[in-house]
Amino acid sequence: MTIDQLKQDVCKANLDLVSRGLVTHTWGNASGIDRARGVMVIKPSGVSYEKLMPADMVAVALLSREVIEGNLRPSSDTQTHLELYRAFKEIGGIVHTHSPAATAWAQTCKEVPALGTTHADHFHGPVPCTRLMKTPEIRKDYELNTGRLIVKTFAGRDPMSCPAVLVASHGPFTWGNTVEEAVHHAEVLEHVVILAAETLRICPSTKPMQRVLLDQHFFRKHGALASYGQQSL
Amino acid sequence: MTIDQLKQDVCKANLDLVSRGLVTHTWGNASGIDRARGVMVIKPSGVSYEKLMPADMVAVALLSREVIEGNLRPSSDTQTHLELYRAFKEIGGIVHTHSPAATAWAQTCKEVPALGTTHADHFHGPVPCTRLMKTPEIRKDYELNTGRLIVKTFAGRDPMSCPAVLVASHGPFTWGNTVEEAVHHAEVLEHVVILAAETLRICPSTKPMQRVLLDQHFFRKHGALASYGQQSL
Amino acid sequence: MTIDQLKQDVCKANLDLVSRGLVTHTWGNASGIDRARGVMVIKPSGVSYEKLMPADMVAVALLSREVIEGNLRPSSDTQTHLELYRAFKEIGGIVHTHSPAATAWAQTCKEVPALGTTHADHFHGPVPCTRLMKTPEIRKDYELNTGRLIVKTFAGRDPMSCPAVLVASHGPFTWGNTVEEAVHHAEVLEHVVILAAETLRICPSTKPMQRVLLDQHFFRKHGALASYGQQSL
Amino acid sequence: MTIDQLKQDVCKANLDLVSRGLVTHTWGNASGIDRARGVMVIKPSGVSYEKLMPADMVAVALLSREVIEGNLRPSSDTQTHLELYRAFKEIGGIVHTHSPAATAWAQTCKEVPALGTTHADHFHGPVPCTRLMKTPEIRKDYELNTGRLIVKTFAGRDPMSCPAVLVASHGPFTWGNTVEEAVHHAEVLEHVVILAAETLRICPSTKPMQRVLLDQHFFRKHGALASYGQQSL
């Protein structure tokens, strides 16, 4: 894949966030990475979605963290994205939104428990929430520290078994093999959080689902034994 | 009716689920049955709704449980559908969705009480929720056991007096004389659950409606004495 | 106005209920009255909105309660409408919906308190809810008794000072000088109930608004001293 | 800018309120000011949005408070707008809506706490709510007193650091450098209130966000050290 193709994919992903109701105004961003070249492509900062073109995307080097192509300043969350690509070697795309349900849940500073099979089909266990950031982490290198904190939150956990996180008092980040898949996971996360919030409103004492049912649904769709869809025909 | 006609009806029903906001992505499925031939037609597994064509539908024999027509693998919920057709002789169509309100209520693992005439016009009493499945039921023949559990949940109750059920920690199934009617019941169920959830939020101590009012509304629309609509003109 | 013109207005009002999101399927009905002729025009029972034409409307005599024009059976709520026209001499149109918020509130069997100026601009005090119906009232002449109960609920109160009521365990009825105005009041009621429900969710201890503010807003828009709009220019 | 140009901007802003779902019916109004000429332009009272044209806008003198151009009566909230322009010298546009979430919160008569970065990106601290008005303030010069009370509520606080207020038992007012920006702030406020209400529903004990995080986000977008967007390239 060329960088130009990646710019098209990343631009399309950013526009998909709007058409699927996950971002309003300029709040949100999507990026993709070319691992072979060590180049991340990301949305520019604060540009209106209506005018967004592939040529507006900004290319940033993974190692040097410097802009290598593009006339616009990259998203203010660029350092967060870079940090995730450095730590999570298997991911190819990242999305950040202010989608209503996931953002509201992030503002509670709590994880999203697995309450049913819709959750289990996509996230193998609770969707975690980062701890509150410390004052020095906020005052200096805030965006970089946001990325570091997400990585710490996944210590000992495969990031592909739960391609989503809530940043406390802020909002969701999701990822995937491609930027398109990261958008899909942002959409799924919003749906799952809507379900969880409504479930607890109807019955506040609802317990997390059975572990065996969580495993049954997750592994029906993921991993070597997956039977869902047409893949093994 | 020919199998080809049934495929068209089932395909249309699956697409209607999308256009009526009851399913997103590939989550959900509709099926119909030809009782004379003993053949069920169902959506293929994990295929995008945008590309769904009548010829993609899969025909499965009711008795042998084997695919008899179609190049794609049938829905992962096929065995659940078959089990319901075997036990509920009067039904001609089945729908499974992840519609937000009904799925959230299913995640509470509780029945939906009858709180008003909108409910009573369609469901003669509470919409039941299955018990939690046991570990062996989940680990082996999970989809078949889901169907068996729904049937057990209706022991002693006419399935046409309440053409809907919630599967605990999972979501709703509905049925009807035809697949079109099953889609209609899925839509009605979602509406009724939205009302029930909102009612209990406004006033958590709301009691179920009077039995005599439930009967009055249900039998105004169903059975030999029905007076609603134009049927007896 | 001719009966044909009234049929057109009533047909349009019924279609407006759909386009404004106040009814789904065939649930709901609108009627208008020609006071000079003593004729009410109402939607037929259980007919799909997509096919509704002015010629389908049914004309019923106010005094004899008999159908005098139309090939279809009138709405199952016909006797309720007639009773309201008989008791509330000043009204020219009536609407019944199953709109989500107002129906959910009706299921709580409680009045809607006046919590803010949006309410006060339209309803001079709480929107009342009928008491539960007694078993004999339900078993015989149910629809007629529904109308009688609404009238009793307004004993001593000007129905135009609050052109809306909730029928317990059922849903809202609204009225106005014309059927068009009744539709408008159904829309306003839904909006006001959404606000009230959300207000009490954010802060369950919210008290009704100040009486003086209720009066200020209601009389800014209604009665001899109204100053809102362009009417006195 | 000419008065005609201002009328076009104010008319467009009023129509934008409708297209963005912030007002229904005739409930709401937007105004702009020409500081050099001392002229405010505002929507006429109670006119349907469908028919609204730039020539319908009403021009009012800031000092004399008298209509100087226009054939229609100005918005019933005119005196509130004038009072805000007199006190808040830096603002160029004002918007009043009955948007659902912000109006419901205003009906609770409480401020909106800062619970996350979406809030902090736009409002530097809680969005305040006015105290209840006193009976004499309501009975005489109600709209003028509403403006005075908003101004008192901002005593000691820069109105541009929080371009929004809730009027108790009533609804939101927002402002900005231009009427277009005031519309934007009305939209942002609605989004932020939706998030806050949902956050407190999921977890009623949620605390306000850290002060240092509030500052970090607000000053990333506002003031001399802002780094968001493309402004400093």
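Here the chain labels run A, B, C and D in written order, and each chain numbers its own residues starting at 1.
Simple rule for what comes next: a residue touches a chain if its C-beta (ideal position, glycine included) is under 8 Å from a C-beta of that chain, and two chains touch if they have at least 3 such contacts.
Keep in mind that this is a model prediction, so the values were computed, not measured.
Traced through touching neighbours, the fewest hops from subunit A to subunit C number 2. In this structure subunit B contacts its sequence twin subunit C using mostly different residue numbers, the overlap staying below half. Per-chain CA centroids place subunit C at a distance of 33 Å from subunit D.
Rounded to whole angstrom, the centroid-to-centroid distance between subunit B and subunit D, based on C-alpha atoms, equals 47 Å. Shown for subunit D are the residues in touch with two or more other chains, namely 201.
Here subunit C touches subunit B in the complex through residues 24-27, 44-47, 72-73, 76, 98, 100-101, 103-110, 132-133, 135, 138-139, 142, 169-171, 197, 200-201, going by the rule given at the top. Across the complex, subunit D meets subunit A through its residues 115-118, 121, 184, 187-188, 191, 194-196, 198-199, 201-203, 206, 209-210, 212-213, 216, 220, 227-230, 233.
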